[in-house]
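Same chain, two partners: subunit A is paired with subunit B first, then with subunit C.
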Partner chain A sequence: MISPLSLEIVVLILGIFMLLVESFSKSDDKQGLARFAIVILSALVGFSFFTTGNAGVDLSRAFYSADATALFFKRIALVTTIVVLVMALEYRTVLARFIPGVTPGAGLGEFYSLPIFTCAGLMFMASAVDFLLIFVSLELVTVSFYVLVAYMRRQSTSLEAGVKYLILGALSTGFLVYGITWIFGLTGQTNLYAISEALHTRDIARAPLLFGVMLTLVGLGFKIAAVPFQIWVPDVYQGAPTPVTAFLSVGSKAAGFVVLLRVLEPFLGLSTINTNVLTLLAILAGATLLYGNLAALPQDNLKRLFAYSSIAHAGYLLVAVASVQNSPTSFGSAGVAVGYYLVAYLLMTLLSFLVMIVVSNHSRGDDITHFNGLAKRSPFLAFGMLAAMLSLAGIPFTAGFYGKLLVFAAAIQAGKFVLVGIGVITVAAGFYYYLRVVAAMYWQEPNDDTKITLSFLSKFTIGTLTALIFIFGIFPQPIVQSLRSVPMIQTAQH
Partner chain B sequence: MTLTLNHYLFVSGLLFAIGFAGVMMRRNIITIFMCLELMLNAANLSLVAFSRFNLVNGLPNYNAQVLVFFIITVAAAEVAVGLAIIVALYRARQTIHVEDISSLKF
Partner chain C sequence: MAPVLFYFFAIMTLVFAVAVVANRNPVASALSLVVSFLGLAALFVGLDAYFIAVIQVLVYAGAVMVLFLFIIMLLDLRAEERRRVNIFAFVGGGLVAVAFVAQIWMVLQRFEAGKTAFLPLPAERIDDVRNVGRILFSTHNLPFQVIGVLILVATIGVVVLSKRELK
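Let's turn to the complex of A and B:
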């Protein structure tokens, strides 16, 4: 058995090692570096099943928890990073055109090593149970994303996206820190379990506590792209290099949700404020669902379409979070819904971005029209994209469908019928814009007839992701069972 | 007059509000960035005030003061990356005004 912390340590060492190789190696071709990182990260996914848990750790004095939830989200972070590296390899020709360098390959190694640091940050976020660690790991993720988003320094849209992400990311940090300040001021604690204990044992003024929780929610709302804190999303998603967009929409969101669940847990357990917090979450969820799905309808640029779709999916996840009730079992069913939905979201989003990178490498653009007649040019890619789109829209027998089913079941169990209603309507809107892509691929004539070539690694990744979407859609039980057998978030003992 | 916790919280709230208003209203990215730092410092001020006034066993609660050091350090890292991005944008566009940075449209 290995200590869970050693996973993060290996990831950090790998990142530093890659930066050193990038700085000192004479070789111009850094592809080997990315492949090496993919191998190491895949090995870590395997090792994560053999870690010792956090038995015997007093969580109210800990910074770091290694419960089942944390390990689950660590695996999500690792898998996302692996696929992002595959994307980065596929994207390297585009990158090389837009970064200043003496030689064509110069500076690419950094693009492979920065996601590794982001991954370490995401893994720490999954385990953080103290506001100090939550803040530091969140910033590790955010600051490395600033660099990644603005990476293509010769393309002004990338820089523009970088500046927008910088300003709004820093703004959300400001809100989060100020919220933490108030929660600390009222409870005298920064550890979430200690805060929970203090909330139940001490008499705490309600209004300032709600103020602190709301500020924290604003900060986290920016990270998970909930309306009205979504303004940065479309521009940043469109301007950033495509692998970074994929990383932002999956990794950043998954970690945002695990932090959200952990931070909310002590406050939802407190009967004086939990109805207010849940109402607030329900309003956020409804607004996010409507805005994301309706604004996606007229989009022609696929990256921008995915930005709105990512907002829409944050809405479905928020419906599950808003369905959390005071009892631990309900926390379980909403937690299972969030966990399963994130796995499905990971598979379908990464798959569609990977296909998009390959196609736009050939068509030099990422509008929906560039996908015209893809089925004739490359049936394999078109089928991958079809699977992703069907799953994103929520067609039965795909992972996305079962995810939505779990979310709505949790919402019905909690009696949130309005949210279920909005959810069903917005799913219908989703059909329209996702199936537009499918229609372009299968029913339009191709703009050019060049065959699309694929590296073995990308082919393997696309194949695996496609297969998993259907496997998880048809046999969802194993993953649901594995989520259900452990408490999603360990509730504090009172 | 003795200074109480409320005085500190008031000043910190004022700093936060000034920072937030600046982010919303100013048009120069460097100024916006300074306003963001102001918001973080507002949080730092109230953290230290809470720590100093809510004594635990006669001692300040040092958790908050450690958190302040982390916030200062992280803010410095953020500025290092942020200014680099702003300089790169200035080189590409010859401007740092938000109105001019709108090639990505809603």
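Let's turn to the complex of A and C:
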């Protein structure tokens, strides 16, 4: 058995080690670094199954919790980082073109190392049960993303994306900290369990508490890209290097949702304000669903389409969060739905981004028209993309379908019929824009006939992700069981 | 702190914060920010938070702002002065700000506990710096270490993004 904190420590040491090797090695070829990191991170995914839990830890005084939820989201962070590194390897030629360097591999070593630090931040976020650690790890993630988004310095869109992300990220951080300040001022605590205890034992004014929770929601809403805090998403997603876009849309979102669930937990347990908070969440969810799906309809650029699709999926996840029912032992079916949906989202989003990187390397662009006739050029890639698109749209026998099913089941259980109605309509809109890509791949003539070559690593990753989408779609039980067997968030005892 | 002093410094902070946004000249904006920070530091003194007040002056008003001014002067930003105001953004931003202030006002109206006075500090000497240091290296060590990583990442980022030619 190993201490859970050692996972983060190993990740951090790996990051620092890579930076050292990068600065002292004579070789211009930095690919070995990324491969080494992939191996270590994969080993850590394995080790995460042998960690000791929270035994003997007083959570109301702790910063760091190693409960099952935390471990689950740590694995999501690790797997995401691994696939992002695979993408970064595939993307290196594009990247090298837009980095001002005197040697061929200039700046690539740092590009492989920074996601490692982001990963450590995401893992800390998954475990954070104190506003201080939540804030600090969130900032670690955000600051590393500021750098990664603006990484292609010679491309003005990347720089523009970096500046936009920096300004709006800083603004959202301001809201988050202001909200935390109000909550701290009212309860005198920053630890979530201690806050929960204070809320139940002391008489705390309702209006300022709601105000604090609302501000915190605004701050987190920026991170998970919920409407009306989504303004930054399309430009940043389109301008950032594609592996970073994938990392943003999966890693950042998953960690944002685990923090959202943890932060909301003490307040949803309080009967005086929980209906208000849930109504607020339901409005956010409905607006996010409608905006994300409708704005995605006319998009011709695939990266931009994924930006809106990422907003739309945040909407489905928010539907599940808004359907959280206050039960003493667990978050119930809503928590399971969020967890499962994020796994499905991870698989299909990373898969589609990986295929997109390979294709745009050859076609020099990431519009939907660049995918014309992909089935003739590379049936393997086209099938991978097909699986991702079907799953994103929510066709039966894919992981995405089962995720949506769980979300809607949770919403029906909680009596949120309006949200289910909006959800069903927006799923139909989703069919249109996802299947446009499929139509381009299978029914259009190819623009050029060059063969698409693939490295073994990418081929292996695409194959695995495609297989997992169908396996989890047909046999969702393993994940659902692992989520259900433990309470999603352990509530404090009263 | 006497109410007169509180209002004086609070108004100073707010007026100069507005000046940061309203000024067209970047140097004037940066200098207004320094004054705004000084007002904020005075408010911290009023709350008996001397350490934070000193840090506010040393780090923000001192180091960060001097760096800011240097960069602004070196870059010679003239475009900002010529920029026209976007009416739509101006009205929209103004509405959000007004709504936000109104909300804070309403919350404060209903907040009875906000009207009670602070408890007086214990009479014996309190060692601010020592206490902060002790907490950082004992109970709050984990977040402190994460901040260390954050600064490392920021340093790498600055080098990667600002170096003329990467090797």
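Just so we're on the same page, the second predicted complex is superposed on the first by the 491 of 494 C-alpha atoms of A that agree within 3 Å, B and C clash if a C-alpha of one lies under 4 Å from a C-alpha of the other, contacts with A are read in each partner's own complex, and residues count from 1 in each chain.
Here is the rule we go by: a contact is a pair of C-beta atoms (placed from the backbone, for glycine too) under 8 Å apart; a residue touches a chain by one contact, two chains touch by 3 or more.
Because the structure is a prediction, the values reported are computed rather than measured.
> After superposition on the shared chain, which partner residues are touched by A:V163: those of subunit B (first), subunit C (second), both, or neither?
A:V163: touches subunit B, not subunit C.
> Figure out whether A:I224 sits in contact with subunit B (first) or subunit C (second), or with both, or with neither.
After superposition on chain A, A:I224 lies in contact with neither partner.
> Under the stated touch criterion, which partner chain does A:V136 make contact with: subunit B (first), subunit C (second), both, or neither?
So A:V136 meets both subunit B and subunit C here.
> Could you look at A:G239 and tell me whether it touches subunit B, subunit C, both or neither (first, second, both, neither)?
Only subunit B; A:G239 stays clear of subunit C.
> Looking at A:V177 after the superposition, I want to know if it touches subunit B, subunit C, both of them or none. Which is it: first, second, both, neither?
In the superposition, A:V177 touches subunit B alone.
> In the superposed arrangement, which partner chain does A:R153 touch: subunit B (first), subunit C (second), both, or neither?
Both: A:R153 reaches subunit B and subunit C.
> Is A:F63 touching the first partner subunit B, the second partner subunit C, both, or neither of them?
In the superposition, A:F63 touches subunit C alone.
> Find the residues of subunit A that appear in the contact set with subunit B and again in the contact set with subunit C.
132, 136, 139, 143, 146-147, 150, 153, 162
> Could you list, by residue number, the parts of subunit A that touch subunit C in their complex?
12, 16, 19, 63-64, 99-103, 106-107, 110, 113-114, 117, 120-121, 124, 130, 132-133, 136-137, 139-140, 143-144, 146-147, 150-151, 153, 162, 186, 205, 207-208, 211
> Please name which positions on subunit C make contact with subunit A in the complex.
103-104, 106-108, 110-114, 140, 142-143, 146-147, 149-150, 152-154, 156-157, 160-161, 164-167
> Can you list the residues on subunit B that touch subunit A in the complex?
9, 12, 16, 19-20, 23, 29, 32-33, 36, 39-40, 42-43, 46-47, 50, 54, 56, 61, 63-64, 66-67, 70-71, 74, 77-78, 81-82, 85-86, 88-89, 92-93, 101, 103-104, 106
> What residues of subunit A sit close enough to touch subunit B in their complex?
Those in contact with subunit B are residues 131-132, 135-136, 139, 142-143, 146-147, 150, 153-154, 156-157, 159-164, 166-167, 170-171, 173-175, 177-178, 180-182, 184-185, 188-190, 234-235, 238-239.
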